[in-house]
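Before anything else, here is the set of structures, which you'll find just below.
Common to both upcoming complexes is subunit A, partnered first by subunit B, then by subunit C.
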Partner chain A sequence: MAAAEQGVDAARKEEEEEEEQVVNPWEVSAGKGGIDYDKLVDQFGCQRIDDALVGRIARLTGRPPHCFLRRGLFFAHRDLNELLDLYEKGEKFYLYTGRGPSSEALHLGHLIPFMFTKYLQEAFKVPLVIQLTDDEKFLWKNLTIQESKRLARENAKDIIACGFDIERTFIFSDFSFVGGAFYENMMQVARCVTMNKAIGIFGFNLEDHIGKVSFPPVQAVPSFPSSFPHLFAGKDQLRCLIPCAVDQDPYFRMTRDVAPRIGYQKPSLIESRFFPALQGENTKMSASDANSAIYVTDSAKEIKTKVNKYAFSGGQDSIELHRKLGANLDVDVPIKYLNFFLEDDDELAHIKKEYKEGRMLTGEVKQRLIAVLSEIVARHQRARSQVTEEMVDAFMAVRPLPNMFG
Partner chain B sequence: MAAAEQGVDAARKEEEEEEEQVVNPWEVSAGKGGIDYDKLVDQFGCQRIDDALVGRIARLTGRPPHCFLRRGLFFAHRDLNELLDLYEKGEKFYLYTGRGPSSEALHLGHLIPFMFTKYLQEAFKVPLVIQLTDDEKFLWKNLTIQESKRLARENAKDIIACGFDIERTFIFSDFSFVGGAFYENMMQVARCVTMNKAIGIFGFNLEDHIGKVSFPPVQAVPSFPSSFPHLFAGKDQLRCLIPCAVDQDPYFRMTRDVAPRIGYQKPSLIESRFFPALQGENTKMSASDANSAIYVTDSAKEIKTKVNKYAFSGGQDSIELHRKLGANLDVDVPIKYLNFFLEDDDELAHIKKEYKEGRMLTGEVKQRLIAVLSEIVARHQRARSQVTEEMVDAFMAVRPLPNMFG
Partner chain C sequence: MGYTKDQLLARLQELKIYFTCYDHPVVLTVEEQAKHVGHLGGALSKNLLLKDKKHRLYVISALAGTKVDMKILSQRLGLGKGGLRMAPEENLLEVLQVPLRCVTPFALINESASAVSLLLDQGFKSKQICYFHPLTNDVTIALSSSNLDKFLISIGKQPAYVDLEAAPAVGKDNPPDLAHLVPSGVPNSSEQPVENASHTNVPHHQNNVPKETEVKAIMTISKVQSKGAETSSKVDKPTTNTSVDKFVNDVFDIISPLLSEELKKLDIKEELSSILDGLRGRADPDLKSIAMTLKNASYTNGFHAGFKTMLHRGLNG
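Up next is the complex of A and B:
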């Protein structure tokens, strides 16, 4: 059966690969047995998010924690407790997240940080800056500047479609915004990081172009409120919270290392696991393989085909065996996807139990997933179709946000 | 005698040093016997300026060549003939020069490129952009951003005092101007230069900070007219001529290498010798040693003292010997300075002859030099005292220059 064959292939591939997992902004390769998030936490030196912290966020915001949080999908942090201590005393913060606009259509994995950031913005009632690193994508991919800028704008539409509050949100692309105080901060950061250090953190080599080694300060400085004088003039010590996938941690390790040396606060972080490819956790969602991910532009039919055909199953080879042994939820992609997107905790628990104990079949789980994803994608498409060029201009206008802390 | 002792010291120093001369934007150290400019031309791969070229410039501009040109002080070029071919056919160009604002007061050596650029601007009737690399000085020196920006503005006043035409001149500091099309061009250049290449050209090492390796594109891109959309919109192929001291050549070797790969014209260059320190050609004018140079802020009395006390003499130890052997003009600093600043060719030739043949004494030559320098410095001080903050704002305003080719 397809699933079983895939399993054998995956196992073989794993043995051929180095056991060591590699996680940085440009490469995520799992060791044997998938990404070891515990190891990552130790390796990066960040902290685990535990039930107490989730409960604290719920209490402080007066609303149930987002399912990404209560299900451990955002699993690690840096100095989040310190930020919440200050919040509890009435000191606000701002959110910073971003995206490298390398492709026309976003896939579901790309939406995760934005969905979560929207929840944080609403729950804490705080301003948000969203960086589109069109310069980064120009530097890393074989794109023209025009194309990078066009993709940034197209991606901005998908981001806006996630429902951000225009009264609290500033979206900018580097090509349109770098300069002034932002550039000054870039130089401040650059002066504090040696080439050896950058090579150590990011794995650059000397045949890489100098654009790559110049880039980390660009992603660092939105962590500092003084980079946005139109928003945070006179609030140089305002705290920043960065929701992101854990592969972005190296940028902010560097940022946190530099911050106190240039008189700024270290940003806090809240970091997510990776959203797996349809083929499983040890493969990558790839822009060049449309069948590795569900895109926000996919039709209901495409979603159905992709899930049925490519979503790696933890079910058994035959119905008889499945009824007897049940599914292996640890490797089952439909369950992993439902874990992200099926909001009803009771239903999710029920499906997991039934599937694990062999009473539910892969086909049935996939059918539920198809319904869930189709609804999310259709909703996104409806929202995106409402986003006009004028709205993009409005979100990206360099302007004060008078009610951002209101 | 002082001069002779200095001579012995200098000779000893030379022997201790490596013979190999080093010339790059941050280090100029002469080999034995002073800077070997012929060797530099071969090493850098630029071309010599010969009498034919000087004559051609005189013909094309309808005025006598500047004394810096006819005396070989601007001695090397890249593609100047090509630029003049086009100029002859009616195609204009623009000038680009700059300064790293690292100190409050400029010395006479700093004025050389500006004096020469002013001549070129008037003679060819072309626009000029002047870059103040306050970011570079922030990165290399232990300055705050505020101090770098302040020095840029102070230096702008000295530059304006050289007499540039506000109708044809745009002065900018990087901290105030980097962004937009300028930043886009920086990224275009950065993508074309590997770290190995940058290390080869500029001598960076891996313990240098990443700000240094990010900087060369900043100095490169004023060579491209599209970096100044307010001046040169729709003129992407306009040629650029860069007057500078020869130590800046590495930046523009890199720029010329990259230009055709990103669809731009290579800038042409016209390059000067170094203006020597009072102590001679093998020593450096140093900001930390006020006695190594004449500053534009020096009083007549200071000029007199410095020249009399510190200007290295090629004269003989005793008057008797001097009358008999004459002066060694090759090492004599007063003669070198007069070569730059005494405009009257006949008088200069006369002094050289009399001095060389022992009829004129060092003291007499120095007296003439003191008069020449005092007049230049006094004139500069008068001009600078007329430069208001409003004039600085006007020169630095991002604005079109409607009559720049007029």
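Up next is the complex of A and C:
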């Protein structure tokens, strides 16, 4: 799965700098003022998640809703209410998410869907399949097959470090797993999508190689339980919930369109916003610019430096001016980051108020952010250091998961 | 059959739990017991078996002089007013497996009593020696409360000492303070594994009886054993519990009371429960993370061991 790779093509023409925002699996660029999520939701045709839905999830799972839900980071969905109706009646579902392993350098933005998926797994007590699209990266990037496979395994370690339960989780890479029932489903999907449709959804053109054009079914079929006979044999109608970033929506619009035609259930989706780069919403997070994001390999010192030096501040230029006018929370990156990662609702509200009214300074806000991020990164690094090759093998082994709904 | 007095005493000796033993005629009341051991200076206990509306059982073991108000206790347990009754005699015989008038903390050694909650009078702690019946009424054993604790811990029970005479108000702002002592599992029925007895029966059958009956006997034993496995498990699911959430909660349940105790000694004025909750909230993510790592690592080792086993068996045919 391609993440919101905003550094995709620095050589894009000037025309794209206009108001028109572009959001698809291979390109995300905002017009002036950042991504317009309302427009996106309208354009894509998904629903917004409201407070009632968040409350419902809390009730059904018997625990407080995840920070990302409370703060509206996961803000849109498709058929989530229907899925919850069934869950309430005792009908289970499974989770499906993934990553396009294009680099070893993972930043916090990459971890967000996994952190949220881990919460979903724990809260609903359901199994999870994680797809590593090493084939996709081979097709779109200048990588060898060997390198793609290696990156998939390395990324798997960071994913495992997010705390997934091995009794309920199956991780697979396309190069290793595609075949059998999975491949049969791929062909069923492929036969239902015309070239015209593919071009319309994904923006392919006649100069693109046929590898790209034939890739979408690979990302579609993990939504169907029959793709995993070792896990869901006999459960052809089991529902699927897909947590992903909103730029992945096109894949699943196509999947949902095809599903009923081949006798399968449509997957439900729960979608997130994009995670801003350190330098601000309109800049791109790029693997080539280490200062555009906090990486999971950053030391406490590096985190401190990056946040202090590069995090775009909405505060005023001088202390006097700041105390007078307060900060602009709409563009302040530390506040946006705290919105995602500071658990305590009361503390966050307090910081926002004090900062907006000029009583709290940028330095203090950044200091708090540094503490929060350092804790998260340290925890991740500790867990990551304990992931062995054998553990990756076990997560990726084609094995039954007898306790997956337990 | 439940444990006999001799089995219990042998177990106490194995555990190096020091006690003194007094024989006397069968006594059915504390007053009668007092006639035989009351002069020796130790503290007599009165023991009640109570039952709530959901058929959960409680042994209340108190100093003979402590006033036990069942209404107040019921509220403190979160059972409402009048939620506790004296348990009927069958429960004594079936669950505790002790004769009538012989309720005692030691009855918890029986598997059948595994879901029974035990509340101990905190007054025991200040007495050097306390008297209890060791599963029969014609004997009294004397031991210190810390030795009683040692015994309870050996059978997997955390000793719960309570100020039985306290009558805190229970309401919206004051949750029932003893609610954590309400049993969580399903109470055991009386069909307990006759494991000890059946093991001793098998040799008899093998010697004297033709094959058919032998097979039947083995089948009955395995049926009883599997029933025993079912009824003796405290949680609803019979599978091994691998829940990281539960593990972390259990860790806190162990540490919290200990920490509470120490904090009380330091005379901390703040609300202890909010300090503990705060600690818990902060430690939770890290604890869950390392617990999940351990679980995944253990599974990984098991998985690879299983794989290698299959590999070798495959080669050997």
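Convention: the second predicted complex is superposed on the first by the 390 of 406 C-alpha atoms of A that agree within 3 Å, B and C clash if a C-alpha of one lies under 4 Å from a C-alpha of the other, contacts with A are read in each partner's own complex, and residues count from 1 in each chain.
Operating definition for what follows: a contact is a pair of C-beta atoms (placed from the backbone, for glycine too) under 8 Å apart; a residue touches a chain by one contact, two chains touch by 3 or more.
What you see is a predicted model; the values in this text were computed from it and never measured.
A.B. asks: Could you say whether A:Asn403 touches subunit B, subunit C, both of them, or neither, answering first, second, both or neither?
C.D. replies: Touch status of A:Asn403: second partner only.
A.B. asks: More residues of subunit A are touched by which chain, subunit B or subunit C?
C.D. replies: When the residues of subunit A touched by each partner are counted, B comes out ahead.
A.B. asks: State whether A:Arg379 touches subunit B only (first), subunit C only (second), both chains, or neither.
C.D. replies: The answer is second: A:Arg379 touches subunit C but not subunit B.
A.B. asks: Does subunit B (first) or subunit C (second) touch A:Pro217, or do both, or does neither?
C.D. replies: A:Pro217: touches subunit B, not subunit C.
A.B. asks: In the superposed arrangement, does A:Met187 touch subunit B (first), subunit C (second), both or neither?
C.D. replies: After superposition on chain A, A:Met187 lies in contact with subunit B alone.
A.B. asks: Could you tell me if A:Glu122 is touching subunit B, subunit C, both of them or neither one (first, second, both, neither)?
C.D. replies: In the superposed model, A:Glu122 contacts subunit C only, not subunit B.
A.B. asks: Of the two partner chains, subunit B (first) and subunit C (second), which one does A:Gly363 touch, if any: first, second, both, or neither?
C.D. replies: neither
A.B. asks: I'd like to know which partner A:Gly55 touches here: subunit B for first, subunit C for second, both or neither.
C.D. replies: neither
A.B. asks: Does the superposition put A:Asp208 against subunit B (first), subunit C (second), both, or neither?
C.D. replies: A:Asp208: touches subunit B, not subunit C.
A.B. asks: Touching subunit C in the complex: which residues of subunit A?
C.D. replies: 122, 160, 163-167, 379, 382-383, 386, 388, 390-391, 393-395, 397, 399, 403, 406
A.B. asks: Across the complex, what residues on subunit B touch subunit A?
C.D. replies: Counting only subunit B, the residues touching subunit A are 135, 138-139, 145, 175-180, 183-184, 187-188, 190-196, 198-199, 204-211, 213-214, 216-217.
A.B. asks: What does subunit C use to touch subunit A in their complex?
C.D. replies: Those residues of subunit C that touch subunit A are 237, 239, 242, 244-245, 285-286, 288-290, 292-293, 295-297, 299-301, 303-304, 307.
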